[in-house]
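You will see subunit A twice below: alongside subunit B first, and alongside subunit C after that.
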Partner chain A sequence: MKPEVILHSFGYLTEAAGVTIAVSLAGIVIGFAVGALVCAARVSHRLSLKRIGTLYVSVFRGVPLLVQLLFIYYFLAEFGLDVPAIVAAVSGLALSSAAYQAEILRGALNAVPRGQSEAAVALGFAGVDVWRRILMPQALRISIPPLINEFILLLKASSLVSVVGIAELTRVSMNIASLTYRPLEAYVGGGLFYLAINLVLAGFGAIAERRLAIGGVR
Partner chain B sequence: MARSNQVFITRRVALKAGLAALAASGGFVAATRAAFAEDTLAEIKKRGELVAATEMQFPPFDISDNGVYKGLDRDLIDAVGKELGVKVTYLDLPWTSVLPGLEAKKFDLVIAPVTITKERMKHYAFTVPIADATAALMKRADDKSIMKPEDIAGKTVGGQKGTSQVEQLKAFAAKLPKPVEIKEYVDNNQSYADLAAGRVDASVNSLPNLAYAAQQRSDTFALVLPPFGQPTYFSWVARLDDKSLVDAVNTAILKVSADGRMAEMQKRWFGQTMELPKTVPAPTI
Partner chain C sequence: MNADLLWRYLPSLLSGFAVTVFCWSVGGALGLVLGFAIALARRVPLPPLQWFLRAFVEIFRGTPFLVQLFLLYAGGPYVGLRLSATAAGVLGLALYSSAYFAEIFRAGFGAVPVGQIEAATSVGMAPFDVLKRVALPAALIAAVPPIVNMLIILSKETVVLSIITVPELMYQVQTMAAETFTAFDAIFAMAVFYWLLVECVSRLGARVEKRVTAFLSPSGARG
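For the complex of A and B:
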């Protein structure tokens, strides 16, 4: 074990960690927006929308992310649609994460007791307000732990975007391993960066949970 | 009531987003189709940029040293770019994505060293050789049981999956008195790591790669000489129909060889000079 390998490559690893964070963050944010739409479709009373939502989740949760990335980057090019690497990486992460996030949100909505919306309607809340003031805040609170879980999974899955040529953390660790012929040190270095990022992410989750918590209420 | 309201908004937003995406992708298709209609060489000259791809995990040919691309391929393609009068952009892709990416027209030229084989000649256009690719073996420095290539009989050897060196090893092993167990890895570095860890007894790769590895970690690795394989060469590859690009690159490589710049690069990265054929040799494997 030669720790100086990690120290020598510290700047390179930091840069790669920045790429991992940027790609993952974009994937999380866009994934949340798309996921919310898919969730809305799935809980809709319109059968056609419900079916589209279900189909989306089945496809993007059922096909491995690696295959999705290869499809977006290489297969679409066969049809003349030249997707730039960074767009392929972010959209691959976002579209697949959206399927999981949609299901997390749907589960959270279902977990809000039915009596809540019934009571709101009885108290004279308008339809939109029932959603905005009663259902969504409670569902969001319930969904935070599984969402943070999903964000951490996505951040680790972002190592797959190297197949479209993005030099993220895992890829750079491999580069360092091949340059120095010291794989152990290179992967330990990369692993420590992942751990640090995910601890910060989990910390944000804990803060969000605390801020949204209401005394005495679950 | 509440729910249908929500759905209505959602649907309108989704429709708008969908239309925007459709319009954007339509523009994309039109633009890229027009670009692909031209000859690749003419297109490279017009945009003033040659886009080349390799896997930067193949020392001494392709290395990413703290994010800076280095190696023999870098020096050579820079010289070629200068001859063609264009800027060179490098992409780092995993080896398994490199040839599919070329076919999908994600870049113009593969500057990863590709061994010339009969099978590959059918699918890709090869440039003149850029280096020797003859397969050789590397062992642990303290291993006295392997002194010549034939000593691997009855032992385990690791190599990178899908490489011609592994294929050559299989042919070589078939002629040995005892069977050789061959472990195939995603990349050579895992094979080297397992060699250092004692899980395999030798690693197979091309002679220049192994010579560099053995030199960088002489405490751990040693070469097994002579190379066991048929004489083979590394070239760069382009799409089969890009004849004009390959001709231009060949002319540039031969000029770089003739004026002594190639010998300088070889000394820098291989520690020695080597003679290379001036035309694409007929594949021996």
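For the complex of A and C:
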């Protein structure tokens, strides 16, 4: 074990970690937005919307992320739709994560006591306000730990976007390993970056949980 | 596509699929039990226990499964832990998933209205009964969809076991691809098997969910 190798390649790893963070963050944010929409479709009373939501989850949760990425990047190009690598990477991560996030949100929404929305309706809240002020905040509070789980999984899954030619943390660690013939150091270095990012994510989760917690509830 | 070839390799693919299903189901079940125990233990107000469990969850959640598996299989013997490849694989899956399941259960318990626990306690239910009859059924409403998510992710994570030579589906597919120079057929077969597994898990999950949310309202649960 030669720690110097990690120190020498620290700059490259930091830069690559930046790429990983950027791609994952974009994936998380867009995935959350799409996931919320899919969740709304799945809990809708309109049968057609419900079917679309169910189909979306079954497809994007059932097909491996690697296949989705390759599909977006290589297959769409066959039909003249030339997707830039970064767009393919972010949309692949976002679309697959959205399916998982939709399920998490749906579970949380079901756990909000039914009386809450009934009370809101009885008090004269408009339909949108029931969602915005009553259901969403409570569902969000419940869903934070599994959402953080999902964000961490997405961050680790972002190593797959190297297949569309993006030099993120795992790819750069591999390059360093093959340049220096020191695979252990290179991968430990890369792994430490992943761990650090994930700990920050988990920290944000803990803060969000504390902020959204209500008195007396643990 | 070469149907003949697939037919010839079907027995080895099927045995690989059986190993995959075995590792996934045992690992997932152990992970669920361990995760549930961690979620319960995290409610005990004892700071050292809290720190330990927090560190356990963050480490197993924050590091890649491949690294954990290597450490368990290749590093285990240094501390006297000699495991067969399959045992290391199952144990690895259990430890890895338990961190995620612990967080899912914790969120589920967090969603139980406090009034329900207070009511159950004040009518004289024993702590275990409060857990079994009040807290757990309510917690499962929020917990089942993420649990199904995680089980699906775990089923795809089993391919990593091929690296420590567990003879599961990926291992058999790679063997087939190497022996016959037909990457496409082999990977196509793998895709079919995994899709089958994921589809079964999500169907099963939907049924379990219907069951645990059946009491919510006469018109049925949302979704």
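Quick note on the criterion: the second predicted complex is superposed on the first by the 216 of 218 C-alpha atoms of A that agree within 3 Å, B and C clash if a C-alpha of one lies under 4 Å from a C-alpha of the other, contacts with A are read in each partner's own complex, and residues count from 1 in each chain.
The rule we apply is simple: a contact is a pair of C-beta atoms (placed from the backbone, for glycine too) under 8 Å apart; a residue touches a chain by one contact, two chains touch by 3 or more.
Everything numeric here is computed off the predicted structure, so don't read it as measured data.
Enquirer: Looking at A:149, would you say it contacts subunit B, subunit C, both, or neither? Reply first, second, both or neither.
Expert: second
Enquirer: With the two structures laid over each other on chain A, which partner does A:18 touch: subunit B (first), subunit C (second), both, or neither?
Expert: A:18 sits against neither subunit B nor subunit C.
Enquirer: A:127 in the overlay: touching subunit B, subunit C, both, or neither? Say first, second, both or neither.
Expert: The first partner, subunit B, only.
Enquirer: Output check: A:81 vs subunit B and subunit C. Expected answer is one of first, second, both, neither. What do you get?
Expert: first
Enquirer: Would you check which partner chain A:163 touches, where first means subunit B only, second means subunit C only, and both and neither mean what they say?
Expert: first
Enquirer: Just to be sure I read the superposition right, which of the two partners does A:43 touch: subunit B = first, subunit C = second, or both, or neither?
Expert: Touch status of A:43: both partners.
Enquirer: Which partner does A:3 reach: the first (subunit B), the second (subunit C), both, or neither?
Expert: So A:3 meets neither subunit B nor subunit C here.
Enquirer: Check subunit A for residues that touch subunit B in one structure and subunit C in the other, and list them.
Expert: Comparing the two interfaces on subunit A, one with subunit B and one with subunit C, the shared residues are 43.
Enquirer: Mind listing the subunit C positions that touch subunit A in their complex?
Expert: 43, 58-59, 61-64, 67, 100, 103-104, 106-111, 113-114, 138, 141-146, 148-150, 152-153, 156, 191, 194-195, 198-199, 202, 213, 216-217, 221-223
Enquirer: Which stretch or stretches of subunit B touch subunit A in the complex?
Expert: Where subunit B meets subunit A, its residues are 1-7, 10-11, 13-14, 25, 28-29, 32-33, 36, 53, 56-59, 63-67, 91-94, 96-97, 100-101, 104-106, 187-190, 192-193, 213, 216-217, 220-221.
Enquirer: Taking the touch rule as given, give the residues of subunit A at its contact with subunit C in the complex, in rising order.
Expert: 42-43, 50, 57-58, 61-64, 67, 100, 103-104, 106-114, 141-146, 148-150, 152-153, 156, 187, 191, 194-195, 198-199, 202, 216-218
Enquirer: For a test of understanding, state which residues of subunit A touch subunit B in their complex under the given definition.
Expert: 8-9, 11-12, 15, 37, 40-41, 43-46, 49, 70, 73-75, 77-83, 117, 121, 126-128, 130-131, 162-165, 167, 171-172, 174-175, 177-181, 183-184
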